[in-house]
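Read through the structures below before going on.
You will see two complexes here that share subunit A, one where it goes with subunit B and one where it goes with subunit C.
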Partner chain A sequence: MINRKLLWLFMLPGILLYTGLFVYPALSGLFYSFTNWDGVSPSYDFVGVANYKDSFDSITFRKAFMNNIKFMIVVVVLQTVISLVLALVLAKNSRTHVVFRALYFFPAILSSVSVGLIWSFIYDPSIGLLNMSLQSAGLDSLMGSWTGDAKIALYAIAFVQIWAHAGQMMIIFIAGLHAIPGELMEAARIDGANRMQIFGRITWPLLAPSAAIVISYTTIQSFKAFDLIFVMTDGGPNYATEILTTYIYHLAFSNYSFGLASAGSMIFLVLLGILTFFQFRALRQEGARG
Partner chain B sequence: MKTQRTRLALLLVMVLALTGVLSACGGGSDQAANGKVTISFLHWRGEDTQTFQKIIDAFEQKNPNIVVDMQTLTSDQYQTTAQAKLTDGSVGDVFASFPGAQFEALAKAGLFTDLTGESLLKNYNANLIEAGSKDGKQWAVPYQLVYNMPIYNKAIFEQYGLTPPKDWDGFLKACQTLKDNGIIPIAFAGGDIGPGQFMNTMVMNNEPSEDIFTKVESGQAKLTDEFWVKTLTQFKELNDKGYFQPNSLGTKDPAAGALFIQGKAAMLASGSYQLSQNAKQNPELQQGLLAPITVSADQAKYEGVHTSTFMLAVNSRSKHPEEAKKFLEFLSQPDIAAQYANETGQNVTLKDIKYDSKELNIAQEWADKKTLFQPRYTIVNAENQKAVTNSIQAVLGGATPEQAAQDAQAIIDQQIGR
Partner chain C sequence: MKWVGRIIMILYGLLVAAPLYFVVVSSFKTSQSFYANPLGWPDTWSLQNFITIFDAQPMLQYFWNSARVTLFTVAIVLFLGSLISYAIVRLGGRLGKFAFAYFVAGLIIPSQVIMLPLYSLVRQLGWSDSLTALTVVTAAGLLPLTVFTLTGFMEMLSKEMMEAGSMDGAGEWKIYWRLVLPLSGPSLSATAAFLFVMVWNDLLIPLMLLNSTEKLTLPLALMQFRGEYVTDYTMLLTGVVITALPMVILFVFLQRFFVTGLTAGSVKG
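And now, the complex of A and B:
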């Protein structure tokens, strides 16, 4: 019995940290989401669920939500495919492969603010590296206003997100590939299976747990992307890259609408919760199968 | 085991002792034992602390019984936390406030001391400190002055025989001349600060009133009205005729600035705050300020747009209002303000200031002209402000002025409904 109590003691630091840094802010956010607090005044009024109603009605909130979904889908699909291809190409432990792996992983160690600033310069329409290179290659027709055109700005940022994180996901895939027993491949090859068959019947099914991790991680990561967009476009042009996190930020810190922003955060929390729930279920199923 | 426990105990004692010391430091100590009064000066200009410290030293020498304790926050922090700090009266006996939303919030909270009739006001240019008055009383004095108007390259203008145009046709003609000669007429940072800066001079004569956006925010006027649709149409005209650099919406402030500094563009749609930065990068540059006049010459009411900010005030909760006022009076002396202006490269709102640098004098020329307080700053709600500047981006991105105005008005209508 005494041992049990002692065990609780060991959990105390963790519980305290978690309560202080996560549970308390989340609960106070929930509390303020029912008020019209402006973030600075000592007083506020309770407004019931008005903030939630206003959020769902808000034109900007809807735009931000749709942008979030688009951004997420593009990043999840492309990042998973690209990192998988990279992993398949670089799976062998040769010296060049290790060098390339390190190179592709490199963007992941940069802070996303630096990544955003670097790419802002690359994307600049007049003095940017991308348009200048296209021009000197004679591809003037491909030159574009990468972050300035409302139709492509979101995808231009999605590309940067993928550039920065595909290498990281590649490492997870490579670890998964290394865990596949070599005998299986060998047996398949002896039986006369071609490359596509080996990939379809052996590599991919055995890689499924890694894929589940990559997809779930990428989904959450891209859903709550903030820093890249904040640095590169701050939601512009004309709301084209406004996503939920930047929407909440703008409400709270440039509009002093903490109540409304809290309601936005709560909706965001629920959305993330739902996403995570489904992913954990998928992961567990994959785990059970594997 | 035992030594370990003693060590732990010792550590605990040390931590406790340290906490005690720290909390003692945090306590208010405004009336020191030696009879000196300490007042606190709270603002957000971290880059000006060196200059302010010199001014404070001079002040303390003159007033040996007053100590000024300066505290700065970053401007972001200042927007969010200043009010809470000011409310309990422990800091910010003298403090600075932003015009617009923060000024309104602080005034509503009753944190300003009425300065109406104080002799220090005589040192200021009356037209430029209106942003600090409300309900006929002067609550704060704006100290810094910025002109939110395009900068132009005088040498390029001279080369093609151009002078700052007096009406819209003249402006278009000048742009065409520049374009025909392979010069970008206007470098425009459409990706960030451009719309918010350029809209001010573009709208000032289309609706020559100080409170048009106040009316928009209260629902008495709409963005779909003539004045804003016309402004958007003129933005579109400039864009369609190729008077901005290509892909202006993807261009950010530094890149637009570079085009101007390198002499590739004849105008830069930003503000006077950029003058000294430009001069630093290209000392040969001959700069001036101009504003597009969007109407015919006889209908033009305003010549330009100014923003007065860094509004100094005395906290109504201050325990030492007399000493605080004395410090404010000191800052309002022309020689002290001149020292501040010349050392920091900022124009000030005071009269008869001798500026050392060429760049500060360029802006000074505008002190006697008819300028309007920055219209964008009169939009108090940040979501509305964004809707307004985004409608400009929408037009530049291909939307019709009517559609863009309608979309922006829809967002403002929601704000009014709240």
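And now, the complex of A and C:
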């Protein structure tokens, strides 16, 4: 006795809202990518796939794409390793560990604007915490212009991204660790296995599902990065931290090339789709195995 | 082995805590004492920055803007999302799957892709610079994640129970409101915590939609402070402290919700 008509009525407000303010704009973005619209004028012309061709030919686009890849790799590798180590250290449910877990998690509740401003202050070349600490430790040679130096700015921001999210990923690993039956470890210990053997043969294989979640989440999250870079360097110096999302933003709002920026968004979406596809495949495989 | 763990624990703790510590301490310093000795303990703990920022900036207005947008968005998304999830679970079959797929497809499209067309759509509709528009636009974008999470939960509830309800003559609304919603409490609160943090901290959509000073939400207000206090870190950091405060208080009291909600939500989003 299901009242189908009424159930569709339940869905109606949500369908209208989602279709009008999400699906429709997403499709119109695809439409604009084939035009030369500047985002302001009432008229525009169709230019076919010219925006896509121009995107792939653009030096800035390629630079932004490479920066995306570098940023993603650094964040994925370091964040996964760090959050795993932290989880192993804090696995036991003692009072101290619970307090430290909360501390490590804390940056995740701050807005990315706050995090960006906090770290702009720390990285400030003349008055920042980092350089001042290095100076007072007598390590003047290590002092740098962290976000002002084209060679290291991207990595300086990647570090901030990790600072903000490693604690959150740690929680996923801890949940995974707690799901491993204690008897298994106990049995291995009785059989004379050492710590490394236990980690290699038991802990790590059984943690694989959690690792898949952490890696795939971090991959997508770091590929979509925008806020931190927008707040801290806005793509500079000299495009050293320009990534695809800031590239799209600058095209649309600094150059008024709305059509070209829309094509950039669509390419970005396809790249993200490819990453998501691999994410689902990895998670499904892990799910089947685990 | 044990002391290696201890050392890692304390070092990483310092890495997280030190920046936060210096931010808080600096907000209590006068500009002069900050620039004279940036790392030092304040000569006197001064509340002057807090007083100045509330005098110079419409801080309460910013708080109200953020609170209003966040509360209404979360309420709308939870209500519409749970109605949709309920209908999907009840309909089942091919239609239910289709409706589910239609919403969940939106998970692939992030705000970074939708920002440009949203910007132009809102302008064309004449909705620019409106907090109400920001609320409905944000709500629309969060429906996919909410439907995905809540449907997953409601599917685990017993179908026989809902069936029994309708045998006893309870209408769909009654089953939804009296039976399914109360039983979905844990997943609703975890989703709410996650949505709350996302909306409160969001930069991108407000950046697209708002422009006049009195309409700004807190993250945008902070961006504006950065321009105004470019030479005065103590004021900027005071802004950071004040805007983070409500979240910090909530985190201290509702830690469990935040940790599980944020972690579960982030994995799906």
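Brief remarks follow.
Following the convention adopted for this analysis, the second predicted complex is superposed on the first by the 269 of 290 C-alpha atoms of A that agree within 3 Å, B and C clash if a C-alpha of one lies under 4 Å from a C-alpha of the other, contacts with A are read in each partner's own complex, and residues count from 1 in each chain.
Here, contacts are C-beta pairs under 8 Å (C-beta built on N, C-alpha and C of every residue); 3 or more make two chains touch, one makes a residue touch a chain.
The structure displayed is predicted, hence computed values, not measured ones.
By the touch criterion defined above, A:N93 lies against neither subunit B nor subunit C after alignment on the C-alpha atoms of chain A. In the superposed model, A:K224 makes contact with subunit C only, not with subunit B. Contact with subunit C, but none with subunit B, is seen for A:G273 once the two complexes are overlaid on the shared chain.
Contact comparison for subunit A: of subunit B and subunit C, C touches the greater number of residues. Once the two complexes are overlaid on the shared chain, A:Y239 sits against subunit B while remaining clear of subunit C. Contacts of A:G20 after superposition on the shared chain: subunit C is touched, whereas subunit B is not.
In the superposition on chain A, A:S265 makes contact with subunit C only, while subunit B stays out of contact range. In the superposition on chain A, contact is made by A:G39 with both subunit B and subunit C. When the shared chain is aligned, subunit C comes close enough to touch A:F10, but subunit B does not. By the document's definition of touching, of the two partners only subunit C reaches A:M132; subunit B does not. Residues common to the contacts of subunit A with subunit B and with subunit C across the two structures: 39, 120, 124, 127-128. Every residue of subunit A that touches subunit B in the complex is listed here, in rising order: 38-42, 54, 57-60, 120, 123-128, 144-150, 233-234, 236-239, 250-251, 253-257. By the touch criterion stated above, subunit A contacts subunit C in their complex at residues 1-4, 6-8, 10-11, 13-15, 17-18, 20-26, 28-29, 32, 39, 82, 85-86, 88-90, 100-114, 117-122, 124, 127-129, 132-133, 136, 163, 167-168, 171-172, 175, 195, 213, 217, 221, 224, 226-227, 230-231, 245, 248-249, 252, 258, 261-262, 265-266, 268-269, 272-273, 276. Residue ranges on subunit B touching subunit A, taken from their complex, read 76, 79-84, 87, 101, 105, 109, 190-192, 245-252, 255, 258-259, 381-383, 386, 390-391, 393-394, 396-397, 399, 410-411, 414, 418. Those residues of subunit C lying in contact with subunit A across their complex are 1, 5, 8-9, 12-13, 15-20, 22-23, 26, 35, 38-39, 80-81, 83-84, 86-88, 90-91, 99, 102-103, 106, 108-110, 112-121, 136-137, 139-141, 143-144, 147, 163, 166-167, 171-173, 176, 197, 200-201, 203-204, 218-219, 222-223, 226, 233, 236-237, 239-240, 243-244, 247-248, 251, 255, 258-259, 262-263, 266-267.
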